[in-house]
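First chain A sits with chain B, and in the next complex the same chain sits with chain C.
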Partner chain A sequence: MEFVSPEGLRIDGRRPQELRALQCKFGVLSCCDGSALFQAGNTKVFAAVYGPRVADIRGQALHDRALIKCEYAHAAFSTGAARRRRGRSRKSTELAALVRGALEQTILVELLPRAQVEVCIQVLFADGGVTAACINAAMLAVADAGIPVRDMVAACGAGHLEAMPLLDLNHTEAATGGLEVCVALHPALDRVVLLQADAKASVDTLEAVTTLALQGCKAAAGAMREALLQHVRSLAARRGAI
Partner chain B sequence: MQRDLDTLLSNSERNFILKALKEEQRIDGRRPFDYRKIQYQFPADEDGSATVQLGATRVMAVVTAALEAPFPDRPNEGSLRFNVELSPMASPAFEVGRPGEAALEAMRLLERALRDSRAVDLEALCVLVGQKVWHVRVDVHVLDHAGNLADAAGLAALAALMAFRRPEASVAPGGGGGGGGERGAVTLHAPDVREPLPLSLHHLPLAVTFGLFEGGEAVVLDPSLKEAAAAAGMLTVIATTHGEVCALHKPGGIGISLSQTMRLVRVACAKAAEVAEGLRAALRGHETARVARRVCRRGAQGADAGALLDDAAGAVAVVPGLGDPGRAAAAAGGAHLDALAGSSGARNGSGGALEPGGMDSSDAEEGSRTSARPGEPRKLPRAGLVAAAAVVGGARARQGPSSLPEQAPGDNFEAIAAMIAGAAQGRPHSGDALDLQAAVKPKSGKRAKVRKWQPLGT
Partner chain C sequence: MSLAPQQALASPVENTVVGPGDSVLVLPEAGQVRVGAGLHADGGHLRTTRPGILRRTKAGKLWVQGRQIRYIPAAGDAVVGTVVERHSDAYNVDLGGPFAAVLPALAFEGATRRNRPNLTPGDLVYARVTAASRDADPEITCTDASGKGAGFGPLQEGLVLTCSSALVRQLLASPPPPVVAALGAALAFELAVGQNGRVWVGNADSSTVVLVANALANSERLSPGQAHLMVKKLLASVQA
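And then the complex of A and B:
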């Protein structure tokens, strides 16, 4: 299968170093403290945030910082293969742990001792880059809930196909089993928070792909920041502050 | 798990660890990029089990395989499953019951290292497409948790997979009875009949974990339990021995720069090659002991055949050594094969390499044993019979074109087994006596090799 045509176009018509169209919506759910919908191409993820509030289980509360909980679920129709759902799979537990890990570094947990922040993530459509989309959606929902953060966290994936680094793989490209990297970045601090890589590759290839993913993170962060600002402006306008 | 680890560490201990680290010192006296001592143990009586000790962390892995129908979406592939058991025996932080998040993380890391990176050839596990494939399961039990479970579990799983032998399965040529639906029955050969097969591994993925401190500037390799509790983040690199990366795992934790990450990845590649060298040496030792054990096991099984051989053709087997004064002296070292067979496990690097033509050293010993026989009473020990059989086999093997220096030791044993079986049916031809003489003719350097077996036995 040809993943990059001689004209330099990928199967979905993008250039090798091009992100898919990003869409961010805020306040999409009403009963939670903050919610967001993040869309990258076809990949579509809902996130809802409850909290900060008193920890559900007293014994779990931490005396010096907030407890962050993360729930991940994907709809039965989200992937091509309709699968029986038998509770939480290993992969969904892993994904929830990854999002939690990224958020623990991002939210200023020291400011909220004994509190709990619960993040619920629902994948509606999985077309590659699910981990990154989950982290981005969770970040937007946390921002929507007005929880203090250290820096914005933005995530992006990249891969290596046909001896060429490709940004933001879709499902068809990711299913080849080649190298795939997912990076979460604090763009203002320029720190890599989360780094997941799979499949065998040389160190130089890995470095090239990770560098590309970092550029993708910065671009995604810019888009997310822009969407947030717009949302805040419209909120302010609605309340008559401007 | 991590939460409980925090409570293990007092603030002053934490400060001490961080302060010492600024001077590149660690609380257990290591340098920042040193591993703790790694030891391997392989139980004597089963293939596919390994215990790895990394400092005080101890992890046992057991590989089992079952011949069953494949998954419908992959009809020509076997499967590889991992199960990690964190029992309260290993650490008070672990709870009984369903695997927690820590166990799942360890399982996923093993899956990514060994299955998703395609280290194990799953297609080679197919016996009959769509009907019978090997389902391999790796159970990893943490016996003692003293930090860095990821590396220890990965190493144990890899060692167990490398030591694992599955029985050979063959498919009868189908369609014998006509155009029925049956395409041929699968026969499993007992390990005594055909040498069990190892798994085919494309590369050796090894996990190397770093603890990150102080904004990612200070780093330690192989963090102990206390260092892990004090660390602000972890990075696990799964690298092969050829400087390739199979997976990176940094689940949150403190942010680090890309350049620092890549530096650590390169360090991990170098370390993985070092660790793999130790693992290979340990496995060679284990393999040597295993081959030696097989010689004895054959004896136990073929005792009847051996007795026949002894009654009928004992003279043939024994006589050639008689006239040789040198062999009588060498006979003193003859008792070591039994002791060797009993030795359980090869400690790290203790076992020597199995030389090409590895059968020679045992040949020499067995030859010496046969030569000692005339002095012994009529009732012979069982091992002596095997030795005789081994000599016969050796003679046969040496005749054929298969006696190349690169020949696998198992091939020799096939010859031995064939000879034992042959002896049970009828007496050996008188012509064999000449071959035997050639077989036990002393070669230079044989006595040195006999001596080489001694330290293992004692």
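And then the complex of A and C:
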């Protein structure tokens, strides 16, 4: 199968170093303290944040910082393959741990000792780049909830196909089993929060792909920040605060 | 769609929209910067921790005016809380924040060991936060600094509305927001606005309470004109 045509276009019509269209919506759920919908191309992820609140299980509360809990689920219709079983799988546990790790470094946990922040993620449509989309959706929901953070974390994936680094793989491209890297970045602090790869690769390849993913992170961060500021501006304008 | 590098600023730009992680000020070598909620110092920069509008108070304190549903206790705030537990010398009160607050049983106007209010779980109190330390549960009291009631105390009857910090700020603004002015011109009711996002509406007539609560809950994203129209419609529907 040909992943990059002679004209330099990928199967979904993008250039090798082009992100999919990003869309962010805030306050999409009313039951929680903050929520967001993040969409990258067809990939669509909901995130809901509850907290900071009293820890559900008192024994789990930490005396010097907030406890971050993360729950991941995907809708039965989110992937092409039939869902094998209900409830948690190894994949969902791993994804939840990745998102939790990124959030623990982003949220100012030391400001909220003994409290708990719970993030629930629901994937509505998985078309590649799910890890990055989950982190981005979680970040937007945390920002919507007004939980104090060091910086906005933004994540982006990149892969290596046909001897060429490709940004933001979709499902078809990711399904080849080649190298796929997911990077999360604090853009203002210029700090990498997460770097994950599932396949073996040479150092040169890894470096090229990681550099591309970092550029993707910065672009995604810009888009997310713009959407967030737009949301704040519209809320403020409606109540005449600005 | 590239992210421009953060501009280092000599002086912060007030009344602008900021996102989390933005550098609003390069901290000076010497001197004082007064910092309020939503900002923290990180590596020589003053950075925002949440999205909102950068504001400066009359006293020169910088803070970020955002919108949130959870309440983080701060000393001096007036809050509406629900009693959740009763102990021999104190009550535990839920403020809708990450921690339950402690209300000493004698922290009421004129309370003595023999004569003190008898609250049960589920009762409401309008109180003032006296201490909100990072390492201990917040403490509240139903008196002002001189021991007078000053409007604080148990709340009877009425209805409690949960709302965002943005709506609370609107309700506490002076002059009062158009929705409160319009309702107040037509109806008689009591309002206790807690900075923790709980608003108590009191009146002997339950239909008035429900009307006022609905009007307040719906008013957050309305312009003054729209708020007037909504109150007019609600009043017409009740009087018809």
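In the analysis below, the second predicted complex is superposed on the first by the 241 of 242 C-alpha atoms of A that agree within 3 Å, B and C clash if a C-alpha of one lies under 4 Å from a C-alpha of the other, contacts with A are read in each partner's own complex, and residues count from 1 in each chain.
As a convention for this text, a contact is a pair of C-beta atoms (placed from the backbone, for glycine too) under 8 Å apart; a residue touches a chain by one contact, two chains touch by 3 or more.
The structure presented is a predicted model; accordingly, all values stated were derived computationally and were not measured.
J.: For the overlay on chain A, clash or fit between chain B and chain C?
T.: fit
J.: Who does A:Ser202 touch here: chain B (first), chain C (second), both, or neither?
T.: first
J.: Which partner does A:Val193 contact after superposing on A: first (chain B), second (chain C), both, neither?
T.: first
J.: From the overlay on chain A, compute the angle at chain A's CA centre subtended by chain B and chain C, rounding to the nearest 10 degrees.
T.: 130
J.: With both complexes superposed on chain A, which partner does A:Leu111 reach: first (chain B), second (chain C), both or neither?
T.: In the superposed model, A:Leu111 contacts chain C only, not chain B.
J.: Under the stated touch criterion, which partner chain does A:Glu71 make contact with: chain B (first), chain C (second), both, or neither?
T.: In the superposition, A:Glu71 touches no partner, neither chain B nor chain C.
J.: Given the touch rule stated above, what does A:Glu18 touch, chain B (first), chain C (second), both, or neither?
T.: A:Glu18 sits against neither chain B nor chain C.
J.: Once both complexes sit on top of each other, what is the least C-alpha distance from chain B to chain C, rounded to whole angstrom?
T.: After superposing on chain A, chain B and chain C come no closer than 12 Å at C-alpha.
J.: So which bits of chain A does chain B touch that chain C touches too?
T.: Residues 186, 189 of chain A touch both chain B and chain C.
J.: Looking at the complex, which residues from chain A come into contact with chain C?
T.: 19, 33-34, 51-54, 66, 108, 111-116, 143, 145-152, 186-189, 218-219, 221-223, 225, 228-229, 231-233, 235-236, 238-242
J.: Residue numbers of chain A touching chain B in their complex, please.
T.: 62, 90-91, 93-94, 97-98, 100-105, 177, 181, 185-186, 189-203, 206-207, 210-211, 214
J.: Given the complex with chain A, which residues does chain B contribute to the contact?
T.: Going by the criterion above, the answer is residues 3, 101, 104-105, 107-108, 111-112, 116-118, 203, 216, 235, 240, 243-258, 261-262, 265-266, 269.
J.: Help me check something: in the complex, which residues belonging to chain C touch chain A?
T.: Per the stated touch rule, the residues are 1-3, 6, 15, 17-23, 38, 40, 42-43, 47, 49-53, 65-70, 72, 97-100, 134-135, 165-166, 170, 220-224.
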